[in-house]
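In order of appearance the chains are A, B, C and D, and numbering begins at 1 in each one.
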């Protein structure tokens, strides 16, 4: 199969570098276009990232040889790629407009940026949970007059560790009433440079700006219903989130207490639901889909970030410590890799799903 | 004033060393007796701790010169000290018996060990919260036939960061219905050696053996009522605890969601209650009592372990981030120093309270 | 090609687990035998390592299903494997005897343990540096009357980061006079549990027992000449080593000052020598040999443990910061992965070399 | 005694905050003036540092109440203070000029900044080592026509851990030939924010810009001779420095190999020299002088940053591990607190020395 040519806009920053790394040897996609700020434009990729390359291994040679384009000159992408991943770092208005220009120019956009997460006709995709929201793209195209272009976004990196396990229970027929979650989040979630080492050695910080709001609201949109061209957020239960930064490189962990509304499953049933859970990415055997979307560890002290973040090549959610809650019904711990599943990897899986569904 | 001579049994271990450090220059107490396992007995203290001294500064010279006694030979303490702090590390039965022997020999015992925490006639003291439980000692003495001896214990190190703030609200007339707390606990809480660095670099561990049970049950005993010679635990609300180990040297942090039963205070009222809270140690101006039992920090990202653990010379509880909870009523973050307030310092404050109340 | 059956003795400990991990999918070898202490004997491997499995991914199923043998019953290995890797942890006498019993029973032994590192007829192999020392095995067999058995050992994990770069210069015709090296070593080098997190958070320790002696003497034996059935250590120059433990999981780093004896290469020549260096493992294209034995990084701040330890699948030495020394001639920084190149991976490469040379 | 009024220019940054912290309760000095960039000028100190206060305890109330002045308006300092500590962060030309303006205005300046470290008539003071260099101020004043003003600077934070121990040996009559030193430096040495936590968790960085040059050259100026109004740097021996950043909050450590020129002391003599060393600050009993300028620890694994940095209230140098060097004569490990002795504390001690010598 001839590979689909893709681009990365904002390709020289940390998230952009992650796209380059994760798309190396991708069976469907190959990176043929990289765009960034005017400052980098015109340079070879190798030169543009020189001195700020953050990945352990060097970029592939064919990427290093690409001439970086000015991300503002959307024309430069035409004919060079059939989809772009957006990793732009700029103010939200700029990002929104730029992504729309690419889409208008006929180039599908799958974005890491939060700018379009609340745009009514843009689906926020967690492929195992709401693959059906992709249908919103039909309304989007109709409304905006786009034939080939589209915009889809991925949610915030903090929510993967608990939304998929909760969704598996909902899908199995149980209704939730309330969830209280405390996250222990890795420093890479803040991008580079992120928290200073002076703040994170022998310390934790019980605050991440705007993170609790996103961690409480985004799950509701993802669990919502698509009706008449918009997503009606789920309002059947509430989430309260405490978000903490901890001295861990990669891997967001969540301690979750959950209360059911009405009947509740037994402990055995919950683990059975999780172990047998398969979403559309698993059924379609998408290249980036982990064989097991949810991995349940029986050990008393798992999941742990350094031990479990790479499960399913960084795309699985690892869950453990399911036990009774003294206040709600059950407690558990969830973990997912924030810069793979929670960022570039999640967006690539979304692109794979959109491809499989024929959206480009 | 002539100082009261005190002893430390289990004085060569990490908690014992902390007693030695915190009692240096104590205005009421001076260490005149150190006992430990037979292995250390007969050696000078300096020699007994050589190669395993964990405090930053060396022990005072007069302590280094003491000959360590065999902790099992209770007779050796007689005439040498008027109270012992127990920091013995052994199985619970051994600890229980040994502490009882000291008490029987007429020597009051204030213990860090958990062995007697559930003994019905032994008070578990958090001096700002349940100073009245000291009265249980009268029943204890009567029942056991002790005239001068007594046993009092301090609670687990994980609970200081949230019990005092919750108690302040209860004391102000508000009733609680439920509390969900997630702790981020320092490695020193596990004693030495505790978690391996291989487990704690770039990692957190969502499990501490038996810690969640203690964190849920001990507060209820502390908040309980003394009636007819025993403590009736508070059963008016429930606590659910998720306990995590994080790569922090000292300072246990707690993310707390709290639900009131009936009327609830406003945010302004809660902070006012905390800022004006003073317990009996503050009123009695006990030497180890922090001037403010609870310190409320207004910054959005405090308390933090490395920044706030030493507040009130390690004896204050620092609280911050009070805000609405999407599921319960309010959320906040509490922090206390686990090896000072949560261990030796808490026991010393208890001894000061017992002295002030005339129990020895 | 039918795979060669190999065993791991001491297979349940941390180094043993690393063998199991690194031999997964090995093109020449397959693990068919695991032995450990009597305590583990008789259990399935999965059960024997339960609760102390330290690798990120689980062991392969066929290994998990193996029944662990008693390592002391050498007979149990006969017919089950054609070579054993020794990762036994015991006192040196016990290890020495046990390894000799396996060899005597006709089973070649490649060992991680230091017990035989100074045995005159046992080669200590760093395959890129002293492949010719394998010839010592002929004397060993003759002297001990072994036909098929043999013992070969790998050196201490601290020396890989500087010995190969120094050897490359020697091989290019330059003579050394003196080397002063300061190592910054990862905690995994101490095995499990190794240093407590209480010792390594916000700290470094300028001492590792016996490590400086090994770091100074072992290179001399490796660089020595094989003559009349023994190794004559190189005594043409001296090494002084300062060894430090730092809070890094994997990857030993070395800051090296080197003085030449007589003529010295230019900076350009040194980097050229390193970049073009290829040892016998590279020439033979052994499966575990990294394509480049030495990788030279041009960035001013490399190598770094977390960024460079996995180069060449953990088998390459990464070097950087070559510059003039104000006191000696040149300075540089070297780095190698201590639990791969410096332990199990180095031993596997040695076994591959011995196989390629026909020793078993 | 009436306290001397002092100012801090650049008083809102991290070093400036350290001055404020260390001068709290100083027996001779009280802070009556704080200046910073025009951005902060006109605000109360509390407001100016709000959100970027990095010290554990809050600033004293009388400092918080001070109105921050514009550091560029030197007139504003007149009459408000009799000496300023300079902690300005700006390009070197700006700093040089500004410090000269204060001095010209009759206000002595003691600076942390490196701008004047190579100015021929400005002494770079390490009070235990070169108190006599203060005499250079007489030439400085004469040459520049200053009557009361003066400029003195402190050296780079990396050198305290080894220069004082080396000087003690020189002073005892031994001549050095060569020193090779490898530093393991704390992140606070880079100021705030300094290295990102993404760079320092599970990692070390073998590079600090310009640090090796300073670590090699500054000791020579400090050990130099004052002749005819300038310092003739010591050129009797050479230092080579390898500088590394490690994940430690405070405390720079140095692994040192030293070679003597001619006769050398015995190990016993070296430790005796260090233990009995007292500089002019000790003899004058200056308030910030540690009772022991050098502390020798006998334990095999000391000094360590977290355990020893606070020795002598952060002003002592702790030395240990003295032993033979296989290449040079001796090896040892030195440690000093980089933000106290190596920054604000060192400058305060310099000011105390200048006061004691009657320079202001």
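Please note the rule applied: a contact is a pair of C-beta atoms (placed from the backbone, for glycine too) under 8 Å apart; a residue touches a chain by one contact, two chains touch by 3 or more.
Computed from a prediction, not measured in an experiment: that's the story for all the values here.
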Which chains contact both chain A and chain D? B, C
If you tally C-beta contacts across B-D and across A-B, the winner is A-B
Geometric centre distance via CA averages, chain B-chain A, whole Å: 43
Could you tell me the distance, in whole angstrom, between the mean C-alpha positions of chain B and chain D? 40
The positions of chain D in contact with two or more other chains are 199, 201-202, 247-249, 306-307
Connecting every touching chain pair, does the picture come out as line, ring, star, complete or other? complete
Chain D residues touching chain B in their complex are 51, 56-57, 201-202, 249, 299, 306-308, 310-311
Along chain A, where are the residues that touch chain B in the complex? 178-180, 182, 184, 201-207, 216, 238-242, 244, 246-249, 253, 255, 257, 300-307, 320-321, 325-328, 331, 333
Can you check the complex and tell me which residues of chain C touch chain B? 54, 187-188, 192-202, 247-249
